[in-house]
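My questions all concern the structure below.
A, B, C and D label the chains in the order they appear, each numbered from 1.
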Amino acid sequence: MTALWLLPAIPVIISAAILLLPERMTKAVSLVGATVQFLAIILLTLCFLSERSDGDQSVFLFQQRIEWFSSWKIGLHFGVDGISIAMILLTAAVVTAGILVSWNLKQQQKEFFILLQLLAAGAYGFFISLDIFTMFCFLEIAVIPKYMLIGIWGSGKKTYSANKLALMLMSGSALILVGILFMYYQLPVESRSFDFITMAAHPLPLNIQLVIFPFIFIGFGIFTAIFPFHTWVPDGHSSAPTAGSMFLAGISMKLGGFGCLRVATTLMPEAAQYYSIPIVVIAAIAILYGAFATMMQTDLKYINAYSSISHCGFVLLGIGFLNHSGINGAVFQMVSHGLMTALFFAVIGMIYERTHTRKVSEMSGLMKSVPFISAIMFIAGLCSLGLPGLSGFPAEMTVFMGGWARSETVYRVVTIAACMSIVITAVYILRAIGTVMMGPIKNNSFAVLDKAAWNEKWAALILVTGILIMGILPYLLYSLVNPATGEIIKKLSKG
Amino acid sequence: MPDFLLLMKSELMITLIIFILLIIKLGKGLRNEQILTLIQVLLLVNTAIAAIITEPGKLFGEMFQSNSLICLQKTFISLALYLVSLAFSGWFRKTEHLTEFFVLMLSSVLGMYFLLSAGNLLMLFLSLELSTLPVAALANFELEKKKSAEAAMKMILSSAFSTGIMLFGISLFYGATGTLEFVQLAGAVHINNLQLMALVFLISAFAFKLSVVPFHLWTADVYQGSPTPVTAFLSVISKATMAFVLAALLFKVLAVFEPAWHWLLVWLSLATMLIGNLFAIRQTNIKRFLAFSSIAQVGFILAGMTGTAVSGTASVSFFILVYIFSNLAAFVVAGILSDQFQVEDLEGFRGLRKKNPFLAWMMALAVFSLAGIPPAAGFFGKIFLLGSGAYSGHVWFILLAALNMVVSLYYYLKIIRLMFMEESAADPVIYSVSRSEKFTLVICASGIVFTGVFSWIYDYIYRISS
Amino acid sequence: MNNPGLYHMLFVSTALFFIGVYGFFTRRNLITMLMSIELILNSVCLNFIAFNKYAWPGKMDGLFFTLFIIAAAAAEAALAIAIIINLYRSHNTIDVNAAEEMKY
Amino acid sequence: MSEQSYILLIPLMPFLAFLLLGIPGKGAFSRTAGYIAGFAMLISAAISIYTAIGYFSDWGKLNGVYQQLNPVHYTWLQFTPDLSIDMGVLLDPVSVMMLVVISFISLMVHIYSISYMKGEERYNIYFSFLSLFSFSMLALVMSANIFQMYIFWELVGVSSFLLIGYYYQKPSAVAASKKAFIVTRFADLGLLIGILIVGFQAGTFDFRVLIEHLGNPGHEILTLRQNDFSPISWGMLLIFIGGAGKSAMLPLHIWLPDAMEGPTPVSALIHAATMVVAGVFLVARLFPVYYFSAWQVLPIISWVGVLSALFAAIIACTQTDIKRVLAYSTMSQIGFMMFALGVSGFGTEGLGFTASQFHLFTHAFFKALLFLCAGLVIHHVHSNEMRDMGGLKKSMPITHICFLIACLAIAGIPPFAGFFSKEEILMAAYERSKPVYWIALFTSALTAFYMFRLYFRIFWNANPHHESHHKEGPAGQLFTLIVLAAGAVVLGFIPFGNYVSTDGKPLSTGLHLVFSVAPVLLGLAGILTAFWFYKKQSDRADRFASGAGSLYQWAFHKFYIDEVWLFITRKIIMKGIGTSAAWVDKNIVDGAVNLSGNSTVRFSEKIKKIQSGKVQLYGLVYLVSVVLVVLIIIYFINRN
């Protein structure tokens, strides 16, 4: 089972197929492709679990290294641990849902779906790469499709948002680039390589770590909307097309968190310890600040975008705690937020298609005209405010646990501050949902809207299933992620 | 077969082509199309010849030298030349002095070949002149255009001036060491005030040709004024040559002065990126735009040269290859626009996606490669340049360079935005693309895509440059 | 101090160089500018000859170099003149300030 | 898994009903939904009664002490090696008693609703929500792990939200549901943090271990009782705040009166009998911990409880919406239970504990009864307002009788159920804290007064409308009334202390007739006053009210606490923090980003003059820079 390279390859093949086949087959091809991918990944997960249960204790399974730029010791080195498995599962779900949601897209289908596939390819490659250069390459591959998606198929001040997004993300990757180049040159000459394993084998001296860590952490942090570099999020999410927002919030914000975890924290544990307090403080600020800012938003997409800032704060918070349940919580939160926010954006898209507005104040009583969609939106909302039984709850609780497990006062204070956000979240979610779905129908044109179509139902179903599984049986994800976290913790405690 | 035939194969081939063209000119029987086809075939052959049999050797004492790296670089240039001859066929067909044009261009290329193989300061000077002067004539090729004349004037005067400065430097070196041969020179020079001065004088000429800030001022005007093929020639081929030669000079001949020119390069490269970007941001004329963007690119080339000899040479050569494809593609699209609608303005790109998707996507690919976005090869080129530069361990330097990549992205995205995200007010006219242009674009595109992904290309360059 | 030495030569050539540079910067007439460039080249020639005679009497490189410079200068001048004439056709003047249409 | 695992069926049945009725969406089972849910409830009620019998008589006892059994248990989510959320079942007298109460009342409410909600468009949705609530409430009381309890605590909250907002097109209902959810959520924040603190102090979330560690003096975690607030005390205080939120104690009670926007059966079930007593249950569940490790919190609990009781009673005297009156009376009664816990001792002095649980038990019945009767009345006159009512005792005799019984019960008139429980509470208060006792006594008098005010104004004096020909409500509803009324009559005679006590050992709760004279007399006095005021149309009440003056006004406006909260949320949090955060984000953070871009562009505009277009200047720049470079290089090279 060393065919990991297929993961990024399949989307490329799909897009090639889309390119060659006539336009009317585009959707079918991409949907079939995505489904195949999804199934393949589920299969992969099963293989992974069976390998583990057979007692294979190596950190990364199914490793495979293809020499790429031998003069730089760059290789296409793939391998998965529990965290990457979780991430690619999330990606597969979101991709499939996204394709389903954008089913009745009219203009420039070919390009749209090819870009979606490229984005997916970037994400898959990023999550499974064990070579930092390759990782970085995939990370950047995923950026420009977002720009195009927003700019071409977006709405509102799309070009401004697209530009902002591309430039801020690219600044992030510029920082990352500087970081990894200097990490490379810190290795002893004979073993200079971008390979993750090699780098992990030669830990950097502390003073070097202290210099490089901020570059890489902030760089990846920008991708996951670290405060104050989050302003690409609201504009980008809100002017993107539905599938675009789903990918953006569901997948690409996770790239950042994953990178912070895999590259920054794992390769520079001492520096992580050193910077832990600033990280958690910034994260807590992002959580509260994002939540408060959300309360004032009037556009559904803006509401969700700002709440994403708040929720991704939990990811950084968990990472900053640097202990077992903190990092578990971060991963949980990544998965949970990915599913939840993708679902939310999907629903917003469905509503927008029918009402042609996203202003909360202009909608009311939609529960009567579109019960299914409203129910789904309800689930998404409840998940986002961390209701038990849905995915948000275990994630946030695990993060809090991690925070409380650190006995220093700072961490306790930060944790309490983060806890406060659950109330604020409840406030804005209920305001949004209450206004949009409940109450009398003010605008008569919303009295009769056409019901959810099959593709929308399926898209919602996929994501809701994910949310429920994670919410009701969190120990599945736990058993998947925990060993990988253990490895990271080992490094941290060694450092 | 005497080895001078082998070592000088490219030069001889070019000379041969020049003579063929002259003869054709005498018997004026052929139409432009036929001549053009002939030239294209010949240039293709030339490229092939440049690629094969690449063993090292020297001629005329130390005057002329060749090795596999130099042959490779000549191959790049020949390839670029061939692509140019293909790309602008529309323009070539219209011009009435086709043969003269190519005679001039080829003689300039001849000069470049000798420049690459030069083993002696005298040789260096002569070939530099030979490569420069015809281009000035080319810049003036559209006689009826005022701008063309102005461009030519600016070019000839400033390049003559720079030649003067360089010669002064050479004379100082001669005075200090008494030799002109690279090999002996490399041994004889050592750091003192006089020779530092000579060094700067000498380098400044190449900085000028390479349009390094602050010696870049002629670039934009000349690019804008000259006919598009000439601009492409200048910005792709001549720039490539100069980069190669500068790298060779610094790493082989003037290695002694490394402590001096290392910092010089660092600062010059920063200045070049910054100024190039800042000026490119607000350009509206596509040629000026490309001029400044290529200046910014040169900044990255210099950054690559601050590394070790091997990685520096390798990354520079690789980047040049990528740069040839990307920049040429951009120029081809620009040429098609200016050719068919006389729009030299960025506005010409507005709504290009609707008018002609093929062109739009080709341009997008080129732009992404120039901006250094994977999987386009430009990404790898830039990263390797910075990687080579990072060797010397100035974090701030690489950081600023990387941030400059972001700034450059800003104006490259401007083109993308115009092409894809904005509707043209005028009713969409369909741009027609001739077969040879399509062919060129496809070659460039595949070059852009595959040069990076196929790692053996870089690895090969790396191997032969060590 | 009766017969001139290397330094006199270098002094003259340097002076010549800067005169040329000055001319290049101040003259408005393209032809004159061209001539000043010739001055620069000549100063370089003078340098070479001087170095050759005083510093490295054994070798002939300097002299050859000088010859080549003269030849190249001639070619350059010819080309420049041609361009200037063409400029005159289009602009009806050979004042350098007339030809600064392209800027910024 | 032990032989008691059939207990899982108790919450499972309503859950299945919820799925079955909920998933098909609006309109399915439009006729049968009520019967399906009711049947599920019937089963779980039967099982829980069976369990109770079994527990109290057979396997629950181990040499005379009721055990805390943990038949089902597995790990749901691991945090740290010793901290985890477990899913399990914990059986002890309190939870068994709660099981019976909840499942039984819920069954009654289901039966009542079958006819009451007939013809609703979202009939099946109503029942699915009801089942969801029953499921989460049952699971809550069975929880073996404090975090598990928190989970179902939240679920209860959301199902209450759903049910309050059942008439989702009524703006007031929507507002009420949101208010209820957010206020309780705010309290839950305290609960969560408290759980974190206590859990980490005790090193576990499991109730049994928790009580084992913090709930007996012998354990090493307990340092000797220090007089200052230990972390545990803080944690337990926060947990109590969580409970106070759900149980509508001061000042977190504001959601309860509004919650009456929901359908009346829902009010009966959730906001009278079961959910609102969750707070009492929580405190009772953790009582040993409070008593031994956080004894500083107990006075706070008792004072909050008794003040809420008094406060609510005063307001209840002035309200005119009958459901609101009932809501405030609920709050007042829960206050009784709370302070009973607060004043309770442990072991043989654990009278307060027993009393409060006893009162919880009885109160569930007669309060549900009151609400259900009110439901019938409201259907009858199509209004919640007292002024639209009156003289109904002829047109609906059975309702009248049941309502009277309930009123007598709640007023603490022997031999009705309320008498016994309230008696014990007062006794416990009397033994341990006199001021509390006096306030409580006064409050019970008030209770009698306002309940009978309600009674007389509904059923006596003249009917404002022409005599309506309505007959009694449908049989099903009357049946439930009668059953509950029977409960309200007889349940008081249960020797409760034998079953429920702090330490599982039987507790003798003798009845001191001497002691019970005062409360009963006061109760009768209250009734008579009400009779004098309200038996027939008169302005006595109004004259008295105007006499009371501003106190009456304050009470009528619920002491303006709603307004205070409104000010805090709207003005301070929303306008203050929220707006400023949004502003900062828009103008400062985002502004900085845009500024960086614009300034670059503007700078590039500034420097364009460099490219002057004059070839001579180009040359000049060239030469100058060459010279400069030379000088700089020479300088640096020679320096080192």
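Simple rule for what comes next: a residue touches a chain if its C-beta (ideal position, glycine included) is under 8 Å from a C-beta of that chain, and two chains touch if they have at least 3 such contacts.
Keep in mind that this is a model prediction, so the values were computed, not measured.
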Least hop count linking subunit B to subunit D through chains in contact: 1
Relative to subunit D, chain with the most remote C-alpha centre: C
More contacts between chains, A-B or C-D: A-B
CA centroid of subunit A to CA centroid of subunit C, Å: 66
Intercentroid distance (Cα basis), subunit D paired with subunit C, Å: 98
Chain centre separation (subunit A, subunit B; CA means) in Å: 42
Whole-Å separation of chain centres (CA-atom averages), subunit B against subunit C: 27
Two or more partner chains touched - positions in subunit C: 24, 33, 96, 99-103
Junction residues of subunit B - those touching two or more other chains: 153-154, 157, 161, 165, 220-221, 410
Numbers and ranges of subunit D residues touching at least 2 other chains: 597, 608, 611-613, 615, 619, 623
Residue ranges of subunit B touching subunit C (in the complex, touch as defined): 121-122, 125-126, 129, 133, 136-137, 140, 143-147, 149-154, 156-157, 160-161, 163-165, 167-168, 170-172, 174-175, 178-180, 220-221, 224-225
Contact footprint of subunit A on subunit D as seen in their complex: 25-26, 75-80, 83, 85, 147, 150-152, 154-155, 158, 165, 168-171, 174, 177-178, 181-182, 185-186, 189, 192-193, 196, 200, 573-574, 577-579, 581-582, 584-585, 589-590, 592-593, 597
Of subunit C, residues touching subunit D in the complex: 21, 24-26, 33, 96-97, 99-104
Footprint of subunit B on subunit A - complex, ascending: 67-72, 74, 133, 137-138, 140-141, 143-144, 147-148, 151-152, 158-159, 162-163, 166-167, 170-171, 174-175, 177-178, 181-182, 184-185, 211, 215
Contact set on subunit C toward subunit B in their complex: 17, 20, 24, 30, 33-34, 37, 40-41, 43-44, 47-48, 50-52, 55-56, 59, 61-62, 64-65, 68-69, 72, 75-76, 79-80, 82-84, 86-87, 89-91, 96, 99-103
